[in-house]
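Each chain gets a letter, A, B, C and D, in the order it is written, and its residues are counted from 1.
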Amino acid sequence: MAGNTYGQLFRITTFGESHGRAIGLILDGCPAGLQIDEAFVQEELARRRPGQSKIVTQRKEADKVEFLSGVFEGATTGTPISMVIYNADARSKDYSHIANKFRPSHADFTYHAKWGRRDYRGGGRSSARETAARVAGGAIAKLLLRQYGIDIKAYVTQVGHLKLDKSYQELNLQLTESNPVRCPDPEMAGQMEAYIKEVRKAGDTVGGVVSAVITGCPPGLGEPAFDKLHADLAKAMLSINACKGFEYGSGFDGVSMRGSEHNDVFRTEGDRIVTDTNHSGGVQGGISNGMDIYFRLAFKPVATIVPAQDSVNEAGEKVTVEGKGRHDPCVVPRAVPIVEAMAALTLADHLLRQRTARV
Amino acid sequence: MAGNTYGQLFRITTFGESHGRAIGLILDGCPAGLQIDEAFVQEELARRRPGQSKIVTQRKEADKVEFLSGVFEGATTGTPISMVIYNADARSKDYSHIANKFRPSHADFTYHAKWGRRDYRGGGRSSARETAARVAGGAIAKLLLRQYGIDIKAYVTQVGHLKLDKSYQELNLQLTESNPVRCPDPEMAGQMEAYIKEVRKAGDTVGGVVSAVITGCPPGLGEPAFDKLHADLAKAMLSINACKGFEYGSGFDGVSMRGSEHNDVFRTEGDRIVTDTNHSGGVQGGISNGMDIYFRLAFKPVATIVPAQDSVNEAGEKVTVEGKGRHDPCVVPRAVPIVEAMAALTLADHLLRQRTARV
Amino acid sequence: MAGNTYGQLFRITTFGESHGRAIGLILDGCPAGLQIDEAFVQEELARRRPGQSKIVTQRKEADKVEFLSGVFEGATTGTPISMVIYNADARSKDYSHIANKFRPSHADFTYHAKWGRRDYRGGGRSSARETAARVAGGAIAKLLLRQYGIDIKAYVTQVGHLKLDKSYQELNLQLTESNPVRCPDPEMAGQMEAYIKEVRKAGDTVGGVVSAVITGCPPGLGEPAFDKLHADLAKAMLSINACKGFEYGSGFDGVSMRGSEHNDVFRTEGDRIVTDTNHSGGVQGGISNGMDIYFRLAFKPVATIVPAQDSVNEAGEKVTVEGKGRHDPCVVPRAVPIVEAMAALTLADHLLRQRTARV
Amino acid sequence: MAGNTYGQLFRITTFGESHGRAIGLILDGCPAGLQIDEAFVQEELARRRPGQSKIVTQRKEADKVEFLSGVFEGATTGTPISMVIYNADARSKDYSHIANKFRPSHADFTYHAKWGRRDYRGGGRSSARETAARVAGGAIAKLLLRQYGIDIKAYVTQVGHLKLDKSYQELNLQLTESNPVRCPDPEMAGQMEAYIKEVRKAGDTVGGVVSAVITGCPPGLGEPAFDKLHADLAKAMLSINACKGFEYGSGFDGVSMRGSEHNDVFRTEGDRIVTDTNHSGGVQGGISNGMDIYFRLAFKPVATIVPAQDSVNEAGEKVTVEGKGRHDPCVVPRAVPIVEAMAALTLADHLLRQRTARV
């Protein structure tokens, strides 16, 4: 069944395989009258694109986006916005050697089990290349959110064992883009970069953590029961390739706290109602309370490694798999813009949904 | 906008407030011909119901479910199944003292911010009472999954600082229901129970962790891109009241591993393709691979506590809030059947979706 | 797959079988703060209920609706509104004689073909009894639309060969409820009533036409491409039992017109843009233009008749079927409130959707 | 809100404006393993394309479709299929004269009312050019249906006052494509063609009727309550530009029949259960019964005419509008493949939905 759509009112449907002709999306439900800054969309794609630094995959893709519809005289018209990114550096021959093999911890086996066939070139649709479409759609969402003063910032807080133990308030998030790791602490960023290079030299990969904070979100976004704001964020984040965990607010650490210390006491600040502590992470009962929304995401090490690994092929025979394709030694630097995009899409959707809450 | 529906093909819509007339659900999309064991549905509800032990809320609810439609001569007909549970012990007067106050870390403020009004009695729709409807629907999902040999078991692995550091393979999950905490390690269960009682005596609350494992899931369930099996599980779990985090497979611990140790190598076992390790947690590329699916959930301490707390009311004035309503000192024992229900609903939905994968 | 839900943002899901325990619905997405006039909901149900006159089925149902959730202190809270109507006069024994027979032109055979089983009592879910739930939900929609000055009026314009050849402008629609046929022309109503009685006496049934007009609809409701306002109206209407056709505006008669006579020329009237003619039927390009929306619906003769008919049973054997159950000799008088309800649900949904059209 | 998607499981989302860069679609949910005959898709587009004969618009578009994803080694992979058709002959200057004018009976005014702006070039998204995307998606649906022996044939039965009063059984539908009108009666086709030419010469337009029949549909397709097979067909058809009415089976003529003559009596034919008459039009209770499904559609005269017409502009000032753009004098010949496409999409969707009906 169709599973390539995200969002209810602000809704993207993505398409495309890693080494197919193109990837892209339709964004349906974007309100009319939004000025589209195409250069901004392209900049966001540049943050995700391969080859941007020495610690990411060296596949060469300009990721030039073309708008096919929905924008007229510089602004959205209310009709579907289609964007396409043609694949340039699709070296399909790179992958012929694994055409009928199942690479360990990749989606080769599960795609085959589901559909009885698959586009094996570069992982086909299971490749993180699909996320470029999300970043393009997310950029439009960001432009909408900007009008409401909502800002989203993601950044790297862990690479392998190297963990940055600071809250977002203790960091200068303006520094995130100052280094290829996208860690806002320059010293830690240097260590992380050195470590990623060491891992890459060993032909290996390593995992990491991306943290994120949403500021300026008004109270009232999110729905009761199932479509809680943080539940939708969780789904959005876990839908990103290699993501293995999500926690918001006090998260897993909060379980050992008592209610009396965990509760966020309300007080008035001017005409706003605020809390001093924010263990709730900006969401209570599934609905935003106006405080900062923050969360953390676990990313596993990339499955593609250079050393030979045992596996099986479609016939169930034992085979050896070697990592010849280009790949990232650590996914988190490039995950940062993707996390922001998925958060932006989620917020934009709930922003529109909120408009129907009252008579 | 409507946010009270979960699932695409096996779809529940729940209704009801904590102290309203009734709670219930419509389950639409359940295949015809499923034998309905009403006693089993009632047993599942008994596992969630208040008053079942001394460490849970003492609200008195039999939670007797009535089937209103969709079942004929003991089996489903393919038409919507409606179930209703009338509220019995709805002491609305208990709540009049907080009618216009915002209890700290409850949904009072956010509901008010969203809709400009709310049913304040016992938290209205934000109460975990709504989850009884999920358990009823989840019981039907379990009956369907049983036919496919799919089994779901949740259990408590942490209460406050008391953490059970054993994997599901090291535990006897048959023991989960042998104690009121629902921890499958009887010794640890005893400590946890004592701790919960101590916390309750102090008028306080504490958080915990629920772990879960799904066995017997065939390969091929889940969709690419957004509707990944684990992404839907994440949303399902985070939609449960008080849940703050989700991780599956290697989760947050996996981030410090290298690809060479994290990868799950395939081999053949009889006519099945399996892996020795299972850091993937039974899901690769968003689709089940036939191995066990396991995950962990963080639950925060319940917000209702006995000691007086500062807060504000609807007018923004400073007020004091005291916890008079009945409540759970720790949510995890009763969360166990809810976690299972949401997992069952997710699996049942993807089981049906998988039927359309091939020509 | 689940097919018992109508609407995107203002969304009802109905349940129930003709002779089951109850029928009912969940309305999700109704904005908060709508005053609920329960007496009005009950009046609407009275217009649809059996036994209201001598020309409709004599089944005895008070159709007393109970609100189970979503309404607090007389107004909606934004949470799901559940309503239930318990079946009173469910004479299941009436139907045992057709338990395994397929009544001609009923849904017995197709339900059996689809699901391999069915609740055969009174047609089970295929009975028009299900539409009581629609009328209850539609009444809430009407209350919402009333706030926007939108009014919907349906009425009977044909029974068998007796056709009322007048446009809605030539009729006094206040007279619709003055007679049991619900035809706003009293003389024609008398003829129709006599004819229905004659048909009933013969143990037979006859079809008819319901016309409807929506006034006060603002410009801008409806979506391009698939969710055109009139396309959603068409689906809504064809989903009513026994409905065989839908036309709006100039409809089938318009096909023989030329563009030069069919086009509706715009002009200004105060600060409104209006048209003199209205062949468009108030909708252009799928979106309302502010003029009256009008349409006509064909209803076939009810399939249940008294004389014996040949048919087959589940085993494919030849059998005889006799109409013992209570039934309507002509469906259109009771279809009037159902048509209004489905139109109201459609308009309410598009009213909310329109709120997200612009930045 | 997003309204550019059709279908639940076999789901298309279209994009594009008449004079934008491209039109196209994403088809999500097509089962894996379907052989894709690209030449067939192109042939279907050729049946809809402008310039194919002297009685249709002379806009020059090859309507060459490009597959961007979802097809690998000649077959579908289960991932989204994206198709794009770049606009070639987009003479935007043709439309500058109506940039701020509202053409009578076009969507100019309603689009403006809804979004406060619009792409006025050639009607933008309201142009029937969007239907090329539907035909491309419908062609894939046809390929799927072909595997199940389901065939759909649409044809013209009325142009203006010229009406072909024959049922589909009395016609040789192989002749439909033998003439530019797509009327299967060659003599009537000749008269219709002459009439269309006469109307065009007068700078005018005329309406018509398209009839259609679906053969080979198995029993069991369609859902109860709202998603009745014929209700979805009605929506699909009314979503086609200029369509004003839909009737199936006995339709509007059936209203004057009595139940005793309208009922379709069941009998056995080999191991199938069939009916002799088919007033039901192949659908009973919203679900297919295995007999032919047939329906008729009213199309209004095209709004674009050559003679000057009065109208107003965005400022509400009186203006004159002249039809300079290329347009069809009668829409029905080109509507035939569109009707088939929408029927095919509807059937394919319900075919997949039916797979989840039973345990």
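As a convention for this text, a contact is a pair of C-beta atoms (placed from the backbone, for glycine too) under 8 Å apart; a residue touches a chain by one contact, two chains touch by 3 or more.
Composition by chain, UniProt nomenclature: A, B, C, D = Chorismate synthase.
Just so we're clear, the structure is a prediction, and the values are computed from it rather than from any experiment.
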item	value
More contacts between chains, A-B or A-C	A-B
Relative to subunit A (Chorismate synthase), chain with the most remote C-alpha centre	C
Whole-Å gap between the CA centroids of subunit A (Chorismate synthase) and subunit B (Chorismate synthase)	26
Centre-to-centre distance between subunit C (Chorismate synthase) and subunit A (Chorismate synthase) (centres being mean Cα positions), rounded to whole Å	46
Set of subunit D (Chorismate synthase) residues in contact with two or more other chains	1-5, 8-9, 14, 29, 32-33, 78-79, 114-116, 125, 224, 352, 356-358
Subunit A (Chorismate synthase)-touching residues of subunit D (Chorismate synthase), taken from the complex the two chains share	1-5, 8-11, 13-17, 20-24, 26, 28-29, 32-33, 66-70, 72-73, 75, 77-82, 84, 114-119, 124-125, 352
Interface residues, subunit B (Chorismate synthase) side, partner subunit A (Chorismate synthase) - complex	1-6, 8-9, 14, 102, 104-107, 109-111, 113-116, 123, 125-126, 130, 158, 160-161, 199, 204-209, 219-228, 230-239, 241, 244-252, 254-260, 262-268, 271, 273, 275, 279-281, 283-290, 298-305, 307, 309-312, 316-318, 353-354, 356-358
Sites on subunit D (Chorismate synthase) touched by subunit B (Chorismate synthase) in the complex	9, 29, 31-34, 76, 78-79, 144, 147, 224, 352, 355-359
